[in-house]
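Chain naming follows the written order as A, B and C, and within any one chain the residues start at number 1.
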Amino acid sequence: MAATLGAIVEALGGQGIGDAGLAIERPAPLDTAGPRDIAFVAQARYASRIASTRAGVLIVPPALQAQAQARGACIVADDAYLYFARLTQWWRARHDPRPPARIHPTAVIDPAAVMGDGVDVGPCAVIEAGARVGDGARIGAHCVIGRDARVGVGTVLHPRVTLGERCHIGARGIVHSGAVIGADGFGFAPHQGRWIKIEQLGAVRIGDDVEIGANTCIDRGALDDTVIEDGVKLDNLVQIGHNVRVGAHTAMAGNAGVAGSADIGAHCTVGGGAIVLGHLKLADGVHVSAASVVTRSLLQPGQYTGMFPIDDNAAWEKNAASLKQLNRLRERLKAVEQALAQAQPNKKPDDA
Amino acid sequence: MAATLGAIVEALGGQGIGDAGLAIERPAPLDTAGPRDIAFVAQARYASRIASTRAGVLIVPPALQAQAQARGACIVADDAYLYFARLTQWWRARHDPRPPARIHPTAVIDPAAVMGDGVDVGPCAVIEAGARVGDGARIGAHCVIGRDARVGVGTVLHPRVTLGERCHIGARGIVHSGAVIGADGFGFAPHQGRWIKIEQLGAVRIGDDVEIGANTCIDRGALDDTVIEDGVKLDNLVQIGHNVRVGAHTAMAGNAGVAGSADIGAHCTVGGGAIVLGHLKLADGVHVSAASVVTRSLLQPGQYTGMFPIDDNAAWEKNAASLKQLNRLRERLKAVEQALAQAQPNKKPDDA
Amino acid sequence: MAATLGAIVEALGGQGIGDAGLAIERPAPLDTAGPRDIAFVAQARYASRIASTRAGVLIVPPALQAQAQARGACIVADDAYLYFARLTQWWRARHDPRPPARIHPTAVIDPAAVMGDGVDVGPCAVIEAGARVGDGARIGAHCVIGRDARVGVGTVLHPRVTLGERCHIGARGIVHSGAVIGADGFGFAPHQGRWIKIEQLGAVRIGDDVEIGANTCIDRGALDDTVIEDGVKLDNLVQIGHNVRVGAHTAMAGNAGVAGSADIGAHCTVGGGAIVLGHLKLADGVHVSAASVVTRSLLQPGQYTGMFPIDDNAAWEKNAASLKQLNRLRERLKAVEQALAQAQPNKKPDDA
């Protein structure tokens, strides 16, 4: 499980400095890397850690070359973090190649499903009539691909993914275990104190190069489809309601939730545990901080936040109690200002 | 996949206005509906959209009849939204009928399970000894029905639902993929810095007409049962702790969580990401806003909210910093008021 | 399904007071217990409930013995809650013994997996090459144990657990349905508006006596492993990001989320729905309240909270509106203080 410095540079480019035959055992974090490991320092603000790491090889940007070279072998790359990402991909492919594709004999594939070339299907996976699975796709154990669903070329469904009927996912996607794509959206009409189900007649359409985390849910649309555009990355336990659109290359962290019909732009990020309410619009380039709740459309790009700052419990209790009187405090302040203004007639209160 | 205006009115009632032979291809959202689609406008405040929609047929309440009729075909119904809900149900049943029930040969059904008439069991589903499945129920692929569990008449478990031993769900329920009903509640006694497990000896009892979302969890009770009453609707990724009661016709949106032994009334709603702490009581008709945290019993019906308003990050940072001094600000305001009162002896501060 | 008072005391110790032959049907909550049930009162503050319960037998600490004895049979134990926990364990083992271990014929076990003695494997479970399953472990229906994964002695995986390749769980663990251990961490390098995947080359290492809730996710590390130490208890729907460490005997309630590389100490508790941001350090003995967001390292033990207090919606709206002007209010207060100080030159404002 080793590679040489030379082999890495030959495969991934960059400028290799040091013994090309140097054996490297694994990519490692800067802190715990040892003399046979390769690590990276991508930003100048971490430059001070170059001197202290024990890593055998460092990947650095040109600005840090002198420092890195002074301590030993390195690879200089314009974007050291990107180089490192590509190194992990190369490492995985080299050291942990996928086993050859096979259809496991316990898989249950409807004769009316259309299977591409070189598709791998794991034990007990179920592929229903009319489903189409693209070339080189991998359908893990216990996956269920519903009627007329579609899996794009090279997409990997880890064990136990549900892709509901008529739902599509594009090429080169990755879906982690437990994800449910195409459950019914949450739609009911109230009637005499009861909820009357609105059948969810739409589906889910997912673009190319999308990654979906473990136990994440993407509901099918009520009438039109729920849409996840190309390059979107969703972490684990994310909830996407019906008829949501998630724009291209947007990323959402774990436990985030998006309510029905929200329209989220491209290149957005949504932090862990954040909630976006329904029917709102987020422009391209909106960044929602963790645990924040989006209660109105955000039409300008930028970073948005709303969370109560954590404090020791005693301090929080006092401030929270005062918070429940905040509007009253504001009125009292206004009264004070007016009283002062009367005493000093050339000034006046400035409350809007 | 088409229906005529006349066929819809014949099946669902209402007053059809226009050519009864008009062909309709699908129910559609008002915004995207075309001339062969049917859409609805339920509320007078959306009346302005009647003129602009391209929908071939509009479902409207009597108050909007004149406007709708002026532009073309329509169906007049007292509750247009309810009519629309029933239309989706009729449409689904008509255009996407369920395949005939079958027991898939890979299903693993214990001989001591009791299966009703016309039950459908999908591939690799497991039904253990003593379980009872009602007539016409559908058990999806990879479901696990534990020992002595019960599934009511006509209930649908989508693929990959776990119903733990001794847990019951009533008639006409719908459970989406990945839901786990009857995992152990989270109960431990602390002892010398360790957690000693309290075995969870209760079960889960779910009423009729309940819908449970994808990857939602309902824990079994510690001693008595966790109870979900008739008509409850739970969205995806909802957590219901042990010994909770959820009253009839209450609905909870995605990512909501209810801690152990909370007692939630009937006809409540809990917004997405909201948390209800343990051992609290919510009266009938309590509505908890999204992302709010219920930290005390709410004994009066009404809407309750607690969330930090989102803002651009710079503004949030300033306000959050001030918030950590809020109690101090309140004291300073009081001091100012007292100073003013001394200066103006006929007034006095009003801090409670 | 009954036990006598004498049998309980013989098995679990404590001082039995009353007829040793008294038949007990079940452990029950204090409120609903009947004359053939056993319940507990662990704390003096609940002493008033001793008189009103109908329980046939009460477990009490020595301080409550006199009161309990005055009303009937009881068991006196130093820690009544701990005694009760052990009673539930004894009850479960006695009345609901595990069926004998078997390998279900539909299980798919690679010949290169190493199976201990007395291992139980449920229907359709998949155990891949190189996996090692310890003596007496139970692998539920539809579980997937990846290549080279390890399950410790006596550990129970409920139906439908995924343990990814190279991930380890120690002895006597319990993992509930739907949990996903070892999905990829959420790691990407940004490049020209797209996300480039960082392959997650680490794994997950879980200690002994760990319990993991339904649909909880623990991601594999990027380079090093994600680590869950001995005795940790995670509730349902918890998200643990890559490279997190959760220290021994820490417990987290439902819907909690921990972002990547957070380092959480031992004997901590994290409340339901709380979020811990990435790369932070929590000392041993830190307790995070429900729904609070940890945005900075907490290096001192103690209770920490940050949540907006819930209120009726109208009050919340007013206070939330004022909150968005809080920093401005603070400035106005300072101006008022300065104006007063000028009027009363022997005093001065105290804003830091």
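Throughout what follows, a contact is a pair of C-beta atoms (placed from the backbone, for glycine too) under 8 Å apart; a residue touches a chain by one contact, two chains touch by 3 or more.
Note that the structure is predicted; figures quoted are calculated from it, not measured.
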**Asked** Looking at chain B with chain C, do both copies bring the same residues to the contact (over half shared) or different ones?
**Response** different
**Prompt:** What angle, rounded to the nearest 5°, describes the rotation that places the Cα atoms of chain A on chain C?
**Reply:** 120
**Prompt:** Measuring from the mean C-alpha position of chain B to the mean C-alpha position of chain C, what distance in angstrom results?
**Reply:** 25
**Multi-chain contact sites of chain C, meaning residues that touch two or more partners** = 106, 124, 142, 160, 178, 215, 237, 255, 273, 307-309, 311, 321, 323, 325-326, 329, 333, 336, 340, 343
**Request:** Can you check the complex and tell me which residues of chain C touch chain A?
**Result:** 106, 108, 124, 126, 142, 144, 160, 162, 164, 178, 180, 183-184, 186, 188-189, 191, 193-201, 215, 217, 219, 222-224, 237, 239, 241, 243, 255, 257, 259, 273, 275, 277, 288-289, 292-296, 298, 302-309, 311, 315, 318-319, 321-323, 325-326, 329, 332-333, 336, 339-340, 343
**Prompt:** Given the complex with chain A, which residues does chain B contribute to the contact?
**Reply:** 26-29, 32, 79, 81-82, 84-86, 88-89, 91-92, 104, 106, 122-124, 140-142, 158-160, 174, 176-178, 209, 211, 213-215, 231, 233, 235-237, 249, 251, 253-255, 267, 272-273, 290-291, 307-313, 316-317, 320-321, 323-327, 329-330, 333, 336-337, 340, 343-344, 347, 350-351
